[in-house]
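Consider the two complexes below, in which subunit A is the common component and subunit B and subunit C are the respective partners.
Entry: the complex of A and B
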């Protein structure tokens, strides 16, 4: 294949994924239809993820007015927001709870779209942007966790960054130093300190949101261009109009989600699930307190990390990431039935490890 | 001669007082009980001004106290009977409330039976106003002075009762917004369809 034909193939690939003839309001909204079948509920998960992301942006902007990204004032500013700013506790709780809700929705969205084979041609770019946004969402969680600068935040971040460095031991030659370099770049100094906080803050409030907005634009644009995936192998499928029928239902789901997250945020302080010792300001001279754990959405990798050799986790997580990214090509010929079975297995793993991870760990380690 | 004896006695008392003030009387039995009973990690911050307890030179620790603070510490240490107003600089609001409610003698006595302390505290006292009495927070290993620290489901139930008006208002606002938006979208759609039909004619 010469350069011209390669370029021509590339142009064809792009033209199929971004057909110019469909780039009009009539095609993208007016004539768009949504399939109706037993998994149609899953079409609302992407919208809900977007809704929680919008709450993140709104509440995050409000928190920016008072939050101080310095090691001396970060914790005090969070305390000030919680205890003295009018509505501060509610905004902070909304931010914390909606971040968890967003991650829950993004995972459910990923699993259901996989089960529905929504990555089929010409939707590969939509799938890829979705998977990349999943990684960015975990990045949001990891960087945001440090910002309150309390015991759990700093110690958990130290453990997380240390894990990056440990990957080097399993890499060959000069690659072995790469993870340490990455860790130092993120950390910014010898240990987790002001430079780390500044970098995490910049990544959390500027870098990740910009990247997410770019990918989100591409993702939503692609969905509007190509429509919702068929999602089923049934020959006869009913459809409903995207506008206004589906949009109204989607907005209703947003309304219900807002009510639920509002009630949870106003009634249930996010930090009530931690012991109060972990919410104390970070003490660099103190020992690591008991009960340090990552957020629940990292349990699927945290508990295996505690139980299995490190190299197994590195291998498995890299393989999983590659499989996710290459899913449109790996599972091109796979039936939806098989994909559903794989998705159920993946979902079962996530649910079991997240909810029962501690009990499994205690049982295996013989902890009373 | 008598004056000299008083001076020596005074100096000896001052030395003993200073030495005594430098010795912390923390009672870790209570922390251990709270932690074992609740399964939650606790520390000295439940009753003390400093999370590492009274020993040391940090804020709220004995080494950092000035003369006035030492005098308040002395008064708190002498509050053996219940009902004495105390303001010990090494204790936080909950620690001072314990001394005021049960007296120092009882605190020393209950060291071997720390679980009984919860029953001796004022069952209506809720220093952080989170709806969970201080005595229960002590037993459950949550902080009696932090409204965000408490049994999550108790906090949820309390806040749900307290926020009834706000939740009701948000519920009504959400329903009305959804109803309005849905009708607006249907109206736009109908208008667009009518315009299209008119163009076709």
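Entry: the complex of A and C
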């Protein structure tokens, strides 16, 4: 194949994914329909993710007005927001709870879209942008966790970053020191300190939101362009109109979600689930307190990390990331039935490790 | 004696009756595994009984099951006063909803001739039991406050002891009579499940939530026309009601949000004393940071680290200091009276180890429960694979 035909193949690929003739309001909103079938409920998950992301932007912006990203003042400013600013505790809890809700929706969205084979041609680009946003979302979680600068935040971040350095033990020759260099580059200094806080703050508040907004634009634009994926192999499928029928239902779901997250944020401080000492300001002189764990959405990699040799985790996580990214091409010929079985297996793994991880860990380690 | 029967004998009777009976009913009368619906015979009163009853009892029952399965999570939630009050309030409100609904259902069964024709004695027994059980639960909630907080430590271990076949009634034996009555009532109801309409719990049509919506219409053309006409009028009325409701809802929400919003950005109104306290606390933290920075400077400028006087070192309790890489380290007194200096960074994932030495001369890393020998730095078999480096002993 010569250069010209390669180029025209590429142009054809792009033209198929972004058909200009469909780029108008009538086609993208007026004529858009949503299939009705057994998995139809899954069409709301993407919208819910978007909703929680909007809450994150709103509450995050509000927190920015009071938060101070320095090691001496970060914890004090968070305390000030929580204890003194009117509605501050609510805003902070909303931000924290809605982050968890967003990640929950992202994961459910990923699993259900996989089961519905939503990555089929011409939706590969939508899928790719979605997977990239999944990584960004985990990045949001990891960087945002450090910002309150309390015991659990700093110690959990230390452990998370240290695992990068551990990769070095498996690399040959001079490559062995590369992960340590990468870790210190992310960290900004020899140990987690002011430089790390500044970097994580910048990444959390500016870099990740900008990247996410770009990808999100592409993601949503693609969905409106190509419509919801059919999602089923049934020949006869009924449809409902996207506007106004589906939009109204979507907004209703948003309303219910807001009610739930609002009640939870009013009633439950986010720190409710770990012991009080972990919420104290970080103490650089002193042992790591007990009960340091990452957030629940990292359990699926944290507990295996605790139980299995490190190289297994490196291989498995890289393989999983690659499979996710290449899913539209790997599973091109796979039937939805098989995909659904795979999705159920994946979901079962996530749910079991997330809920019963500690019990499994204790049972295997023989801890009483 | 009666306690032992109610709290240990009865549960097993009930569980065996429930399991055996359910299996038998599914095998013998598979088409009968549901509640006989009387909606066709009478639907006006039913609506006011069945809907509130089910709305209330489903949430209450799910909450009970949740506490049973995840007592730790529940305890963490109810440790918050606001959450506890919210949960108790919702629970009590739902109990009243249940009672109202059940009363309507009972009256309906007693007065409607059509419904009576299909009513069995077991139906009436079940209704009476459920009503008593709800009233008992409500009385417990009202007379022994904050059951949501004390149940995870008392009733839940008791239930688990029953389920794991190691019955231990001591958890609840000293409880007031009301609580015991509520527990015993629950066992009776569980035992009755397969022999009554309660079996429909196991065949709730949950898949209706997932399936594509179906519209059921009467096949009568004249009626269809009337329905369409009714729908038009109804939809106009709905539109107006909807618009008014949405507008007022959004308006109220807007006022509330705006109020909170303005106050948030105004910042708190603090008294002088509060401001002084806050400032003092901040200064303490700034000073702590300054001390850290001074240490850093000292490490950069000087070739030695002043850990502390040798006399103050202890063989059993380490003294933390910051080493040349600005990482935590520990100083102990060795058997020979010479100091032992050892990095406090776990070789596994970089946690800071604890400072107390155990009887085997080891210190503990709390992250993944590994021990290090303070003399050799050797880890016990476990996650850390490398020895801990001895910090150069320049004292």
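The rule is short, and it goes like this: the second predicted complex is superposed on the first by the 361 of 368 C-alpha atoms of A that agree within 3 Å, B and C clash if a C-alpha of one lies under 4 Å from a C-alpha of the other, contacts with A are read in each partner's own complex, and residues count from 1 in each chain.
Keep in mind that, in the parts below, a contact is a pair of C-beta atoms (placed from the backbone, for glycine too) under 8 Å apart; a residue touches a chain by one contact, two chains touch by 3 or more.
These numbers come from a predicted model, not from an experiment.
K.L.:
With the two structures overlaid on subunit A, would subunit B and subunit C clash, or do they fit side by side?
P.N.:
clash
K.L.:
Examine A:41 and indicate which partner it touches, taking first as subunit B and second as subunit C; both and neither are also allowed.
P.N.:
A:41 sits against subunit C, while subunit B stays out of touch.
K.L.:
With both complexes superposed on chain A, which partner does A:337 reach: first (subunit B), second (subunit C), both or neither?
P.N.:
neither
K.L.:
In the superposed model, does subunit B or subunit C contact more residues of subunit A?
P.N.:
Of subunit B and subunit C, more residues of subunit A lie in contact with C.
K.L.:
State whether A:89 touches subunit B only (first), subunit C only (second), both chains, or neither.
P.N.:
In the superposition, A:89 touches subunit B alone.
K.L.:
What is the contact status of A:236 with respect to subunit B (first) and subunit C (second): first, second, both, or neither?
P.N.:
Touch partners of A:236: none, neither subunit B nor subunit C.
K.L.:
So, A:277: does it touch subunit B (first), subunit C (second), both, or neither?
P.N.:
It touches subunit B, and subunit C stays clear.
K.L.:
Using the touch definition from the top, say if A:251 reaches subunit B (first), subunit C (second), both or neither.
P.N.:
Touch status of A:251: first partner only.
K.L.:
Of the two partner chains, subunit B (first) and subunit C (second), which one does A:262 touch, if any: first, second, both, or neither?
P.N.:
After superposing on A, A:262 lies in contact with subunit B but is clear of subunit C.
K.L.:
Tell me which stretch of subunit C runs into subunit B once the two are superposed: 5-13, 77-85 or 95-103.
P.N.:
Between subunit C and subunit B, the clashing stretch is 77-85.
K.L.:
Do subunit B and subunit C touch any of the same residues on subunit A, and if so, which?
P.N.:
Correct list for subunit A: 263, 266-269, 272-273, 286, 289-290.
K.L.:
In their shared complex, at which residues does subunit A touch subunit C?
P.N.:
36-41, 62, 65, 70-73, 75-76, 80, 84-88, 90-91, 155, 158-159, 161-163, 165-166, 169, 189-191, 193, 238, 263, 266-269, 272-273, 281, 284-290, 292, 306, 365, 367
K.L.:
Could you list, by residue number, the parts of subunit B that touch subunit A in their complex?
P.N.:
It is residues 40-43, 45-46, 51-52, 141-143, 146-152, 155-156, 159-160, 163, 166-167, 170-171, 174-175, 177-178, 181-182, 185-186, 188-189, 192 of subunit B that touch subunit A.
K.L.:
Would you pull the subunit A residues touching subunit B in the complex into a rising list?
P.N.:
The touching residues are 30, 82-83, 89, 243-244, 247-248, 251-252, 255, 258-259, 262-263, 266-269, 271-273, 275-280, 283, 286, 289-291.
K.L.:
Help me check something: in the complex, which residues belonging to subunit C touch subunit A?
P.N.:
73, 76-77, 79-80, 82-83, 86, 209-213, 260, 263-268, 270, 274, 278, 281-282, 285-286, 288-289, 292, 320-322, 325-328, 344, 346, 349-355, 365-369, 383, 385
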